[in-house]
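Presented sequentially are two complexes of chain A, the first with chain B as partner and the second with chain C.
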Partner chain A sequence: MAELKRIVVPRLIAWFEERIDLAGFRALIGHKVVPIHRHTIWYYFGGMTLFLFSIQVATGILLVLYYRPSAEEAFESVQFIMSEVQFGWLIRSIHSWSANLMIATLMIHLFSIYFTQAYRKPREITWLTGMALFGIALFFGFSGYLLPWNTLAYFATKVGTDVAGQVPVVGHLILRILRAGDDVTGATLSRFYAIHVAILPLAITMTLSLHLFLVQQQGMSIPPEIERDPKSVPSMPFFPNFFLRDLVGWLSALAVLAALAAYFPWELGVKADPFAPAPAGIRPEWYFMYMFQTLKYLPARIGPLEGEVVGVLAFTMGGLFLALVPFLDRRSARGERSPLFFWIGIGILAYMVVLSMLGYLAPGGK
Partner chain B sequence: MDTLPNPRRGFINLLLGSSFGALMVSMLYPVARYLIPPTVAEPSTASVTLPWKPGDLRPNSGRIFKFGSQPGLLINTPSGELRAFSAVCTHLNCTVQYRDDKQEIWCACHNGVYDLNGKNVSGPPPRPLEDFKVFAKGDQIVISKRA
Partner chain C sequence: MAAARWLLVAALLLAGGALCGQLEAAQGPAPENSCITCHRSIGDPRVTPPAEKFAGDIHLAQGIFCQDCHGGDPTSLDPERAMSRAKGFIGKPTHQAIPPLCGKCHSNAEYMKRFNPTLRVDQVQEYYTSVHGKLLRKGDQKVATCISCHDVHKIRAIKDQQAWTYPLKIVDTCGRCHGSAEYMATYKIPTDVVAKYKASVHFQTLTKGDLSAPTCNICHGNHGATPPGINSVANVCGNCHSVPAELFAKSPHRTAFASMNLPACVSCHSDHDIHKTSDTMVGTTEPAVCANCHQENSDDGRKVKSIRTSLDGLRTGIDRAEEILTRAERAGMEISQAKFDLHGASDILLKMRASVHLADPATVDAFAVEGEKIADKQYEKGVQALKELAFRHQGLWVAVGIILVTIVGLILKMREVDRRQSPPPSQHA
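Entry: the complex of A and B
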């Protein structure tokens, strides 16, 4: 062992150095520092999301080995994975749980960036790529939800694609492209499978690369009120100091995941039947809950428009507003406090939390 | 190297640029068309004969049937009258069901409620359910679209 460390490793490094110039790479790692201040904790959530994403990639690849994307076989193949394949239940449970935790850490990351005004100049493009990643992650969740072809997934997809169909002018075209036809059928399942395992992975690889490149280029953002402080902000090297701390977080996340997957295995439900009524108590994943609950409250008509059209337009505008915040918030761009945008953020967050809670607490209508 | 006068270089760049643009369009157009699913000419269902007898459905109950590729809902009202509707909720496409405890048609997805005439009475549905004609002839129930 000692010999390995003393002789083999240095030789191996020397072998590479003779052929590839690693100086640039070394400098890159050496220069990256993480500022230390009272908001440092929020720096961990981006890396945590990345870690959970890597778990999604690994478990996703494993699931693809047995999964069959057709209306006749999808449900049965997931059942096979869970009951026959050794540790299949574990792999599928981890994939489902990790997806949910990833959306959660992504949301924490997004809102922490928002409230520490880290989106401000010069990081507008980083914020835009981050919002794109959020959209891709939600689409990953939505498309993956259908793949087991169970009743809940079937109706969630009907509703979700119909919501997309409410968009004025191009709605019906989007609906047909998403469903691969006018109804949710086996063709929709094939299409969602392609979206989930080919199109979105390509999109996320490109967007994530740009996002990480920009983070690396520009370094970590320091909140304006700390940056204004005349005392210089202390920092720690990213490697190994911050990285090792990151690692502790990742190991904890892995432990939580394993516990959740083992004690609360993800259910498969009942196979989708297009000729059965939507079951009582049906509801989407928690991260779509506030939208779902809003759609329940909206009346049939608001002015000249149908209620759900107003809802869809409002959510689209909300998303667009969030994406454009770096360009709208002029005070942050000058490094000043921005109370208006702070309270808008609190408002958005409160809306999401309250509506989601109502969704879980309100009786299912029965 | 830079001996070419600028106008000529500009012209060449324009040619190259526009042919690149044309190449892109000629590649992306088929892809965009490919993504739009073809409209499959489905035989439009005008009527179906149900595999049940009128007596199979007790009063104050409902059952989903296949109307072509879409679900339909046959209900037997508490007063014993057979009525049929499209089971597709007019809000966001879920499949509705009959609720015997409240004697109404209910959509579980967003709590939409219709009365026994298929009229939207509460919750988000914007329109009534499409209603079908029901013929009960002897042992057969025939459901057909209204003209």
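Entry: the complex of A and C
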């Protein structure tokens, strides 16, 4: 072992350095530092999301080897993966669980950035790419939910695409593009599959590359109240100090994923039957629940508009507002505290939590 | 009494005539159908309701009016002319005259083709072969005729859910007479049949929405309604339950029942209160029906026991497989294929239960062997699924152990790196 460390590794590095100039990369790694303060914990969630995303890529590639994207075969192929393919159950369960954990860590990452005002100048573009990544991740979840072609997913997709169809002016076009027709059919499944394994991966690769490049370029943001402190902020090298800590978090996440997959394998449900009546208890994935529940509470008409249209408009405006926060919050840009945006953030978070809980707990919500 | 009735009719006709005369004077030309106009306007509970009810009658919808059955001239508001014998007016037909009156059209194939070429035209002929028809010919004034079952003046198509002859309503239609002890007193036949039928599996199936489930007319016939005789019971039940009927015909019970003058099927299954069958019907002790004839220690008793053992064996095998598969499924294992395959054993159990009618232990046992093979295979899949589950849990703990050891190693490495970099981490500008 010592031999390997003393002789083989340096020789291997030397062999590479003779052929590729790694000096720039070494310098980049060597110079990257992570500030140490009372909010350092939040820095880990970006890396954690990235780790879960790589799990998604790895397990997704393995699933693609057996998955067949047609209304006739999709359900059976997932059934085959779950029961016949060696460790297929593990791969599929980890893919499903990891997707959910990834959205959760992504949300934590997003709100931690929001509350620590890390979106402020000069990181507006990083925030915008982050918001885009959040949107892509949600779309990944929405498109992936249909792929097993089970009853719940089928009807939830019907409801979800109906909601998308409510967007003023372009709603019907969006609905037809998503469904590849007027109704959710086998063509929708093929389309969602193409979106899930080709279009979204391309979009996320480009956006994520830009996001990571900007993070690397601009370094870690320090919250304004800490930055304003006359004492200088201590830091640790990203490599190996922070990276080792990251690894501990990633391995813990892996253990949690394994436990979830072993004790709560992701259910397959019953094959979708487009001619059957919609079953009771149709609901979207948890991260769409607050929107779903809001639309349920809205009256049929609000003024001259349909209730659902108003709901969809409100969520679109809400998303737009969040994306534009770096440009709206002038105080943060000056490095000052921004109580208005802080309380708006608390309000958004509370709304999402309360409505999601109502979605699961309110009568008829289960 | 009869004279008083005729006086009343004459008075009504006069009153109606006066009223219609006034109407004719007031309205000028006669309306399209004076029968309905007058009978509605008289407002007498004895003659007005038929005109009012007629609005919902299928005949009216097909353009058949009062005069097509009752005769008369519907173009005149003058009652003398409208209800003149010269115009063919027959008034209210007698009880005995009803079947021929309906048969005037319904037995005329040429005429009925206009409305529906597939309609039968032998109903009246068939009716006279029924107990009802035979009694009517003998002059019975209470026995059912066409209108007793199809209603009068508000006759609906049999597919109409409000029709008295709609499958869900037939038991009450027949029950109006056959469920009334008072009405049926003179015929001396049981009137508990309606209540018994309503407790049967047939009625339960029917009311659950399966309109093909038998109701009165399916076993007794429609227009030719008659109780099936001892020799025809197996044929009647066999119309639906063809496999058991076929097997029963090959069994030793057929001749045995015939020699004892016992009806097939109903001797074991009862007639109107037929309940869902169960394996407990087979056996040599109560509540098994075999015990009615077979002694426990006789040769036949032993055969009965053997059949029951085979039935119990397969059912237990299926239950056992189902239980373990459900357990594995609840634990999150994917066993849908095994559950599907287990249906094969359930199908065999179904065939096996039908084969009981052959009363041959060897045949029943052959089914049991075949079914148990499938059930055992699925049980084994359940066992494997639970073993796989245990393996997954063990595997998880091994993986978690490895991860924990790695985490500990990483933490030690972190400390070592931190120590190496002391004095404490650099200051961020």
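Here are a few things to note about the model shown:
Here is the rule we go by: the second predicted complex is superposed on the first by the 364 of 366 C-alpha atoms of A that agree within 3 Å, B and C clash if a C-alpha of one lies under 4 Å from a C-alpha of the other, contacts with A are read in each partner's own complex, and residues count from 1 in each chain.
FYI, a contact is a pair of C-beta atoms (placed from the backbone, for glycine too) under 8 Å apart; a residue touches a chain by one contact, two chains touch by 3 or more.
All figures in this text were calculated on a predicted structure; none of them were measured in a lab.
After overlaying the two complexes on the shared chain, residue contacts for A:162 are found with chain B alone; chain C is out of touch. When both complexes are overlaid on chain A, the residue A:308 reaches chain B alone and has no touch with chain C.
Of the two partner chains placed around the shared chain by superposition, neither chain B nor chain C is touched by A:6. By the document's definition of touching, of the two partners only chain B reaches A:177; chain C does not. In the superposition on chain A, A:233 makes contact with chain C only, not with chain B.
When the two complexes are overlaid on their common chain A, residue A:121 makes contact with neither chain B nor chain C.
In the superposition on chain A, no contact is made by A:334 with either chain B or chain C.
In the superposed model, A:33 lies in contact with chain C only, and not with chain B. In the superposed model, A:68 lies in contact with neither chain B nor chain C.
The residues of chain A lying in touch with chain C in their complex are 33, 35-36, 79, 82-83, 89-90, 222, 232-237, 240-241, 244-245, 247-248, 251-252, 254-255, 258-259, 261-265, 267-268. Partner chain B is touched in their complex by these residues of chain A: 155, 158-159, 162-163, 173, 176-177, 179-181, 183, 187, 274-282, 292, 295-296, 298-301, 306-308, 364-365. Within the complex formed with chain A, the residues of chain B that make contact are 35-37, 40, 64-66, 69-71, 73, 87, 89, 91-97, 106-111, 120, 123-126.
Within the complex formed with chain A, the chain C residues making contact are 332-337, 392-393, 395-396, 399-400, 403-404, 406-407, 410-411, 413-414, 417-418, 421, 424-429.
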